[in-house]
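So, here come the structures, one by one.
The same chain A turns up in both complexes below, where it pairs with chain B and then with chain C.
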Partner chain A sequence: MEIFRFICKRTLWSLVALVGLSIIIFTLSRVVPGDPARMALGPRATEEAVEALRIELKLDQPIIYQYFHWIASVLKGDFGLSLMTMRSVTDDIKIYLPATLELVIVAAIIQCVFGILLGVLATASQGSYMDYFLRIIAYIGVVTPSFVFAVLFMLLFGYKLPILPVLGRTSVGLGVQPITGMIVVDSILRCDFPVAVDAFVHLLLPATALAMNGMAQLARITRSSMIDNSERDYIVMETAQGLSKKEIFFKYLLRPSVIPAVSVLALQIGALFANAFLVESIFNWPGLSRYGVEAMLFKDLNAVSAVICIVGFVFIIANIFVDILVAIIDPRVRLKAGE
Partner chain B sequence: MNDKRCDNFGSFSDKTRRAWYRLSKNKLSVVGFVGVVVIVLAAIFAPFIAPYPTHAGKVVDFLNANQPPSLAHLCGTDPMGRDVFSRIIFALRSTLLMGVVVLSISVPFGTTMGLIAGYFQGSLIDSLITRLTDIFLAVPPLILALSVAALLKPNLMNAMLAITITWWTWYARLAYGMAVTLNREYYVRSAQLLGASWMHIIFKEMLPNCLSPILTKMTLDMGIVIMTAAALSFVGLGEQPPTPALGTMISDGAKYMPTQWWLTVFPALAIMIIVLSFNLLGDGFRDLFSTEEKQ
Partner chain C sequence: MSSEVLLEVKDLNVYYRVYEGLMHVLDDVSFSLVEGERLGLVGETGCGKTTTFRALLRVLDSNASSKGDILYKGCNVNKMSQTELLNTRRTEMSMIFQDPTSSLNPVFTVGEQISSVIRANLQAKGINYSENDIKDIALKALSDVLLPDPERIFDSYPFQLSGGMRQRICIAMSVATERKLLLADEPGTSLDVTIQAQILGLLNNLVKTTGMSVILATHSLGVVRETTDRVCIMYGGEIVEIGPTRSLFANPSHPYTRALLACVPKLTGEGIAEGIPGEMVSYLNPPKGCRFQPRCSFCNEDCNRTKPKLTLYEDDHYVACHKADL
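Here is the complex of A and B:
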């Protein structure tokens, strides 16, 4: 139970931090030079129209009033009007968020499964050519930004080796009535399996490009922590007691060794969201992050603040999720929290 | 610099020689070191190394546009007829400048904040600084940097500012953790009893003992800052054309993709090589400092 008190306390502080961040972003967005109303309507709009929009957006009020007005409507779930799409930001987010969530979730699964797997494989073949090969691959994965992976994958799979689709969420003409907005989930729920397969295949390249960084990091962390742990006394004792190598490896060595990998997962999920900003634009993926980049370049302040809030919120949830996961895997954390 | 540790006898040049000997035992660190030196020299002497130094600016040479890599143009030419290799060499300048400026502002600032918060642990100033870092860590750094850079005018200065704002918090965290442990050390206690000011304790007693992890993190961070900077310039928030930047070159090249692959692949390779060199060197430093601590 103590662990839950700890998680609640941390979550509360994260929410406070998020409010702090919203103040900074809000202030910054209101003090930047340039009139948002004028920018939204373009240079040809009349002065009266601009003035009317300025009053509608409450830009004529003092900044503190603007902030409280904004935060009050955010709490009601209303992020205001997007100057880029001229629609409600909340409606835009409802359309775009599921696409990004789908992408990030698949990327997170790919990077966890393959990252830890590669780490285990490298440890098991420690010192052999396989180990060197995997370490080089991991090094390349760490030093290459994910937008570079995205561009290179486009080049490789889109043109030289066209086996996977590179643009959009589904093939043209295919689609499904949204329930959650995640096409793979929706089409399975509606028993429309050809669409599910099509959507999944479209996910593969962007998700892999996104996952490469984190995958390489996880592989390196898993390898080094497994090698550290394999010198521990309890492993030596189990070897002396004659347990089979396989049993020691999978039953006793793996579990404590994945803990460091799992604990960086929250940061990595954050990084996935961040890198999605670029990868989505490259693969023409209609998600929240692409929307975010476009809004940023358009200086669509309401949309930018909304995207940052949403990402910050998802980040908090990812942190809670990882805290709970670590507590499940690592009994020491539960004991320490109970003290 | 740090005369309290017993393994630091000898003159400065002796110490450097010993450190270099240890570093050079790991071949990969040497590769990283050589890579970093070559990159820095190439950036400094760019006008002399680049085969077509004028191509870093506004030059149009349609006769030689879209040439594939050849001996005359090692990495081919772009649709304007400019030599891609020369542009990459010149792009190294803003790339390195970015890393150096960001780290040389954010590291001293972050470290000082962290040390102050750690030294006055439990006080009001500690919670103020800690909450402030929490705010900046509430969203992933790249997203914060992107939005700050986008809200300001897109240029190199503002991109640096945006990354610096997000970067200092990591050093504040690192220094905070170390300061909290160092608080219990006898030499800090004795300095306090002798009536030393907090400034003296933080900068003269604590700081020298935090330097090695901070320097290691700096070398490893150089690569990450460069990747972040490339991401910013990829969306157009960084060095503005015609001055070359690696991220911009990749995003421009991507438009001409399958046929003119050299426009994307070579700048991408350049980023990978730069980051790899700094990472290898950083790993070498980490091993170096951790063996020093073991002895």
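Here is the complex of A and C:
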């Protein structure tokens, strides 16, 4: 089927993008000033010890060699040693990535579903108080940084009206033997439903805080594209042919109008990872964004490259996913790419 | 031909609210149509043909307002309830849109779109149907408009088809189920001459076999001359002359109609057509008197001050001009 050809083509292009990304990450990580070996060992270490570590880290070799050496081990799943935690970076990532992934996925779902829903609602009630109200909310949502929402939600739902947990991934004492590392998924897989519910409830506030910007943006895009499209010839024609308002609105108007919103989602996933840092810090969420920023401050090259690599990889996967979604909705994308 | 009046339009006015002010496009448009009649609507671009059609179906843009009576079978379209309106659109009137490239929904197959139209029609008539019946009707309509390989076209998306094919799909959509009145807005513009002739033949056939009435908006005087019973000449949102096709072509009496006819390059080869000097009226502040007066070489004080009314010129042939008996 044409959708398969589309997916294959799209995936191949992503591989090219990944190679490009790896080169950029590697170059950036090697041109930052400062000696990583010295940083790791501290100012009091002897010159010999620093030199030994430099050799161990292959920092004395030519840069091209360093790149291929790095790529080869990355492909084996080995990002080297973290100078910050003195553990294997891969082990660190196994702990932190699932937490962030869980957060970002839930946030993406919330912003996509509710963003489009609010946009549709605003269009359906165009010109009424509901519409104005939703539009004001959307303005506020777009211009307010997500950490403000995080603090606000925390105060509101954690302290003023304590109905939702505000710290960590689960309540104290609850947990599950990891499979994927995503607690909600793991506890469902292990049929431990109380833990699943507990972990999900813990996700709600940070994920919603993270989703607010994108949700507001999607609501605005959906509303404006629906209103734009509603004066198109084909909608007028469908009205003139006597199709019901409901059929026109929910079928013939909605589908072409969500395309721009879904396309924007691909870009927003990058912003989700970026904003996750502050949200994770506020909600004490042991995630990758926080780990990445700490590693950067520590000049922990291996960890930083690993984090960027992983985030880049996830971003590319998410983009493929969004593109497939767009291709399913929009036959023009699906069929033209297959030619 | 029966002579039951099907449609009577009385003093139809349409305004568009735009940034610069209020555009008064249709100005006291009045005409009527009997069952089985074919009426041509002719005028240069921007004269309000599409606006007239959209007003008849109450599908004007949101910045438009429409005043006046549109009596369809005695019911005023402008005062109909939503259900009556829906029924009228589903079973009585239908419109072929002018621009085939933008009149089909880009993300649905042709089949889905035409089926929706047929389904709505059958529902309104209270006929029981299966999805197969609908597909059969759709395929028949597609082959009626001379589309090759209707099965393939049924499953295609609009962007996979040529402009001419899309135009014929728009036509098929409007004639797939029987209607009493067809509003055809330039149904031949993106078709080549042979196909255009065949499509017009098809419409003619429908008129003969089903007793359907047609209003045909077009720039082409040749088409009008061959396929209509009466012609309505429009200038700047007003009807300036209306009458039986034969009498109007034989005896054009409004200066605009004459100029229009003079524009058609003569087959005898008297060189290039002259065109009509001057610009189209400004709808934002139209002249108080005759709208054609600024471009008219016969005008006098009267034309400047008062608007000429449609008056009987000869048998069933009306003209709106102070100097018509020139």
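Keep in mind that, in the parts below, the second predicted complex is superposed on the first by the 304 of 339 C-alpha atoms of A that agree within 3 Å, B and C clash if a C-alpha of one lies under 4 Å from a C-alpha of the other, contacts with A are read in each partner's own complex, and residues count from 1 in each chain.
Rule of thumb we're sticking to: contacts are C-beta pairs under 8 Å (C-beta built on N, C-alpha and C of every residue); 3 or more make two chains touch, one makes a residue touch a chain.
Quick caveat: nothing in here was measured; it's all calculated off a predicted structure.
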item: Clash or fit (per the criteria above) of chain B with chain C on chain A; value: fit
item: Which of chain B and chain C A:231 touches, first, second, both or neither; value: second
item: Touched partner set for A:241, first chain B, second chain C, both or neither; value: second
item: Partner chain(s) touched by A:275 [first = chain B, second = chain C, both, neither]; value: first
item: Touched partner set for A:124, first chain B, second chain C, both or neither; value: neither
item: Touching partner for A:255 - first (chain B), second (chain C), both, neither; value: second
item: Chain A as apex of chain B and chain C, Cα-centre angle in degrees (nearest 10); value: 70
item: Contacts of A:293 with chain B and chain C, given as first, second, both or neither; value: first
item: Which superposed partner A:320 touches (first chain B, second chain C, both, neither); value: neither
item: Chain A residues touched - chain C or chain B, whichever exceeds; value: B
item: Chain B versus chain C as contact partner of A:188, first or second or both or neither; value: neither
item: Closest Cα approach, chain C to chain B, once both complexes are overlaid on chain A (Å); value: 10
item: Partner chain A, residues of chain B touching it in the complex; value: 131-132, 134-144, 146-148, 150-153, 223, 227, 230-231, 234-237, 247, 250, 254, 257-258, 261, 264-265, 268, 271-272, 275-276, 279
item: Residues of chain A defined as touching chain B within the complex; value: 13-14, 16-18, 20-21, 24-25, 28-29, 32-33, 139-140, 142-145, 147-148, 151-152, 154-155, 158-160, 267, 270-271, 273-275, 277-278, 281-282, 292-293, 296-297, 299, 301, 304, 308, 311-312, 315-316
item: Residues of chain A that touch chain C when the two form their complex; value: 231-244, 247, 251-252, 255-256, 259, 329-332, 335-336
item: Complex contact set, residues of chain C against chain A; value: 54, 57, 59, 61-62, 86-91, 94-95, 97, 99, 102-109, 113, 116-117, 120-121, 124, 157, 159-160, 170, 173-174
